[in-house]
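Presented below are the structures under discussion, each in the form of structure tokens.
In the two assemblies presented below, chain A is common to both, partnered first by chain B and then by chain C.
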Partner chain A sequence: MTQPFDWFVIPFAIGFWSMMLLLVVKICRWWLGFSSVDKKMALSRIFSVHTLRALVEMVREGLLHRNIFRVSPRLGYMHMSLAMGWFLLIVVGKFQTLAFTGNHVNAVWLPIFFKSFYPGDVHFAGSVVYEFLMDAALLLVLSGVALAWYKRVAPSALGMRKSARHIWPDRVALTFLWFVFPVRLLSEGGTAAIHGGGSFLTGTVGAVLSPWADLLAAWQVDGALWWGYSIVLGGFFLMLPWSRYMHIPAELVLILFRHWGVSPQSLQPIELEACSRCGICIDGCAMLPVGNDGQAVYYVRDARYGYVTAAKAHDCLMCGSCESRCPVGLRLGSLRLEGRRKGASDWAVNPVESASVAVGANGGRVVYFPGCVGALTPAVTSAMRRLMQAAGVSFVEMDANNGMCCGRPLFLSGQADAARAQVAQNSQLLAASEAQVLVTSCPVCYKMFSQYYQLPITVMHHTQWLKQMVGDGRLQVSHSDAVMVYHDPCELGRGCGVYDEPRDVLSRMVTLQSSSDQRQASLCCGGSLGGYRMKDAGRQQIASHAVDRLVDARTQTLVTACPMCKKTLAAVSPVKVKDIAEVTLEHLVLLPFKKIPHQEKSLLVTKQELVGA
Partner chain B sequence: MHTKKIAVIGAGPAGLGAASVLSRNGLRVSVFHREAAAGGHLNDWAWLFPRFVPARDVAVSMAAETRQVDFHPGCHIAGVSRHANGQFKIVMPDGQTEVADALVYAGGFRVFDASRKEELGYGIYPRVVTSADLEKMLAGEVPFPVELLQQQALRIGVVHCVGSRDEKSGNRHCSRMCCVTGVKQSIELRKRFPNSRVTAFYMDMRMFGNGYEELYLEAQRDWQVLFVRGRVSEVAESDEGRLRVKAEDTLLGRPIRDEFDLLVLMVGMEADLPKWLIEDLGVKQIDAGFARGNDELVASNRTPTRGLYLAGSCKGPLSVAEAWNDGQAAAQQLLLDLNR
Partner chain C sequence: MQVRDLSMAGAWGDSVDVLKAIEPSLVNCITCGGCAAACAASANVSVAKAILLLRRGLLADARAALEGCLFCGKCRFVCPMGVNTRGVIAALTFSPDSSGNILHQ
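Up next is the complex of A and B:
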């Protein structure tokens, strides 16, 4: 059977083939950018269960958009209906043409312009079912388009406070996309009006238009509509690789390569293109009180088009909120750091001279590390010292005589080499000591020591240590009638997943309020080391916003577990701000003559105990 | 015609200055003061720079300048509103009200709470004190930390600009008086503890007043006070209870670590305006939060609200003498307007 042709398919064909060509080029470039290890890994996994898992995730996230449903069901429906509806149009169209022509390979435009070439009631095996399914899929897409229109007017109706602002390629592509399916409906409806046919949707539109059928036929309105359909569809395809809609293929490729074990570093170029600029990250951004043009969605966009400047790369507190909200699971913090690393004029790699850790000299195997910001909050660190004494834990302080840096500030400012040198030096020092447990008061240090060092010892944040001590009865606390609210530090919560330990300890001592901005949704205090270029006035605005959201009329104390958060929040809070260690010390029941059995064992907190806790 | 009734809020140097001029001109004056005794922050000070006059004497002579006034001590004003006829209704804490034809606001400032700079250890380490605490120790009202008296070679640190010119504590403004206070207290400490060595950490030494520069030179020449340009970044306590200080010498460009037996924080002045002054009487504020007069050159005592005058350090940090003069100036302005 010869393939039908009409000149109006040309715009569509140009758009489609240019898109396909670019996609192939892009995928080749991504592949060539992989390290040889990554390539080997990916090739070895092609015929494995990983591919099946990737396919499942593609359906779940690429079509059903489960993660977006979690943010807001209406927003999820919008994304799902567009993706799923369009996908069904392609699949059902494919089978429709297969059933009609009997050929597996047909002209690429045939399924798309099928009703234009074969108008009216054309009967073949299953033709009525296909027409019905095509109309159902079209209706699904149209419902999504209607919601998308509505979202532009009122983002809040779809569960978003702020919608992303778009640049011109996005606007052009978006405009084409908005018109693709309504124009298809009109084209099919117009054809149905003249020639009959069509299922419940297109047939009904045809019936409505049928009184003017002669006029439509005389003026060749149906032909004009099919031209219009071809132009908007071709235009959309033409723009797709240049616009945010590149996320559609990029996300699928990303999912596949993730499952094939490609390293995060190699995936970064794909991640930049897999951002759909849905804007879900915006609402959670800590920087909103001081401006709404540096959010992850805009940063990733600028990085993709090569517009990143050092100022943009540093215009972020690295609180991790965007990353925890991203439905595509993009590693937005790493993408930001990459921009900082590229723009960094390398500092001299001069590790801060560290103190010697004379562990074991006095029998203690616990090292306490208040950290540099800990040194600015003596109320916190002196509380920790007293608590360690009270628990009968003998300890040494790693930075008692000399300053010591965990390396994270260097790392966060893009000085990766300097950070690595610092890590190496500190690791040597700790390895040479007989330390078995490292307790930090600073979540920034905790994240660094637990995730970027390969230490043969247990690393704990003091919230975890307190939970252990209180749980074991080595520290006994009383319950007061104080009402407190807990602020999750970014690096401790989103950064390390420590949410329950502080709450467990606090709820033994005080009435702990809950808040809508807690755990994953916690707001950055603004003091973060992740944005050292930020001015104090901006930090205070962010802190005030966080305090306003956390503190209500009942709150007596705002409690946190990070010296930086404490300092930043205390500068603006109407209520007292305390660290969990201070609160614990206040509630400590002193047992002066308590005998600690198996003293030596009590000094040690093993990894097993920590996991069991 | 001088049967008009004037309310003065605050009986520190500025309020007393205003009350003295107004009462001597035959006006009926009511003075409302939140403390029991007139004098304001003068009562917290032992001696005044630059010539070490007892602060008590200064307060007494200021109060003696006033004539018959209706004094309301311990009266923390709950609110003030202005009637359409131009009169002010003053609500006292017990709910009683008083009416006045004009109002001089001389509510003063608040001393910066040094515990807000946690890194300096105030309220955590007993040997960290503020300039205000030290005055009480010098006056003998509060004992010095006992160990200090027994120690042979005392090391004393003086930290300038605590809560002033410091964006982190939200105060960009200069409190003006702490530089010379630091110099004065350094000398007093050297007199009190002859074996001591005093190191002062400063950003700039702003010696603008008569005799201030001379006092600064005297401190260096006669009392060997060492002035180091740089801020103190953190304070920790050693096992012996001494204070370990980290700072930076910004002239030599190098970090400093030192140990002290006593650290004195020169706390600054902060705005302390009541809500009613801003919301009900329409007084504007400068960025630092202090009250703003109509302009800062020729009408700093006047406000857009007719009959309302500003006096003293509610408008920004002032010395005792400046506050006293400013109170008198506000009263003169009021008299001129009354007679117009």
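Up next is the complex of A and C:
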């Protein structure tokens, strides 16, 4: 059977083939950028269960958009209806032409312009079913388009506070996209009006237009509409690789390569293109109260087009909220750091003479490190010392002369080499000591020591240590009628997944309030080390916002577990802000005559002695 | 008779003006030295000294006074004047320009 042709398919064909060509070029470039280890890994997994898993995830995220449903069902429906409806149009269209022509290979435009080439009631095996399915799929897409229109005028209707601002390639592509399916409906409807045919949707539009059928035919309106359809569809395809819609193929490729075990570093260029600019990350961004435009979506967009200013790279608190919300699972923190690294000029740290780890004093196997900033919060450090004594833990304090830093601040500012030097030096010091357990009061240190050092010792945050001690009964606590709310520090919660331990300890002692901005959804206090460009005014605005969301009329104390959070929140909080160690100390029940080993002055510590001073 | 201009105007060189624009809080410094006392890095590192040198227009010396800084932020934590010390350090040392593209330098 010869393939039908009409000049109006040309705009579509140009758009389609230019898109395909660019996609192939992009995929080749991504592949060439992989390290040889990654390439080998990917090749070895092609025929394996990983590919099947990737396919399942592609359907789940690329078509059904399960993750977006979780954020907002209506937004999820919008994405699902567009993706699924369009996918069905392609698949059903493919089978429709196959059933009609009997050929497996047809001109690419045949399924798309099928009704223009074969208008009216054309009968072949299953033709009625195909027409019905095509109309159903079209209806599904149109419902998504209607929601997309609606979302532009009222983002909150779809569960979003803010909609992302778009740049011109996005706007052009978006405009084409908005018109593709309504114009298709009109083309098929107009054709049905003149020639009959069409199922429940296109047939109905045809019936409505049929009184003017003669006029439509005389003026060749159907032909004009098919031209219009071809132009908007081709236009969309032409713009796809240059706009945010590149995320459609990029996300699928990303899922596949992730399952094939390609390293995160190699995946970064794909991640930049897999962002759909859906804007979901904006709503959780800590910088919203100061109206910043450095949100992840804008950073990723600029990085994709190869233009990132220092302000874009650095105006971010690295709080991780965007990363935890992103439905595509983009590693937004690493992407931002990559920009900071590329933009950083060299900065060498001198070896720090003052850093030290006490060696085996008191036979101590437990090393306590308040953190460099933690060392400046005496209330917390002295509470921890007293708690350790009360629990009968012999410990030594790391870095008594305040000269140590875990290296994370340098790392977060893009100074990767200098940070590595820090890590190496501290690792050596720790190895030389007899430490077996490192307890730190700083979430930043905890993240760094537990995730970026290869230490042969156990690293704990003090919330985890408290949970263990209280759980074992080595620290006995009483329950008071105090009402408190807990603020999850970014680095401890989203950074290390420590959510339950502090809550467990606190709920044994006080009435713990819950909040809608807790755990994963916790708001950054604004004092984050990742954002050194934040001015004091902005920092206070962010902190006030976080406090407002956490504290209500019943709250007596705001508890946190980070020295930085404590200071930042305390500056603006209407209620007292305390560290979990202080709260624990206040609720400590002291066993009479408890022997405290390795305590020089006295073997007994009274509660007054512990709580006072 | 020529009277020497004793105001700070002009003492800050061009590049210092750029720094002030990036990190305005640096003008609040009273050189109390609190930052240097809290500093985690070696004894030579001092934000107070750096800001003092900046005021004399000695950009290179100011930079040298921060060599070896760990960027830990203890100085900001203790500063009584709310100087964003890390902002000053970053502006002076590794990201002086905030407008141009940093990916293709």
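Here, the second predicted complex is superposed on the first by the 582 of 613 C-alpha atoms of A that agree within 3 Å, B and C clash if a C-alpha of one lies under 4 Å from a C-alpha of the other, contacts with A are read in each partner's own complex, and residues count from 1 in each chain.
By our rule, a contact is a pair of C-beta atoms (placed from the backbone, for glycine too) under 8 Å apart; a residue touches a chain by one contact, two chains touch by 3 or more.
Remember, it's a predicted structure, so these values are computed and weren't measured experimentally.
Superposition of the two complexes onto chain A shows a clash between chain B and chain C.
Of the two partner chains placed by superposition, only chain C is touched by A:Gly343; chain B is not. Of the two partner chains placed by superposition, only chain B is touched by A:Ala379; chain C is not. When the two structures are aligned on the shared chain, A:Arg533 is found in touch with chain C, with no touch to chain B. With both structures placed on the common chain, the touch criterion links A:Lys567 to chain B and to chain C.
Using the contact criterion defined above for the overlaid structures, shared-chain residue A:Lys26 touches neither chain B nor chain C, since it reaches no partner.
Of the two partner chains, chain C is the only one that A:Ser413 touches; chain B does not reach it.
Counted by residues of chain A touched, the larger count belongs to C, out of chain B and chain C. For the contact definition in use here, the residues of chain A common to its chain B contact set and its chain C contact set are 375-376, 403, 535-536, 567. Put simply, chain B touches chain A in their complex at residues 116, 118-119, 121, 123-125, 167-170, 233-237, 246. Residues of chain C that touch chain A in their complex: 24-25, 38, 40-43, 67-74, 77-78, 82, 84, 86-87, 89-90, 93-95, 97-105.
On the side of chain A, the complex with chain B involves touching residues 375-379, 382, 403, 535-537, 540, 566-567, 570-572. Residue ranges of chain A in contact with chain C, taken from their complex: 303, 306-311, 313-314, 339, 342-350, 352-354, 372-373, 375-376, 402-405, 407, 409-410, 413-415, 422, 529, 532-536, 564, 567.
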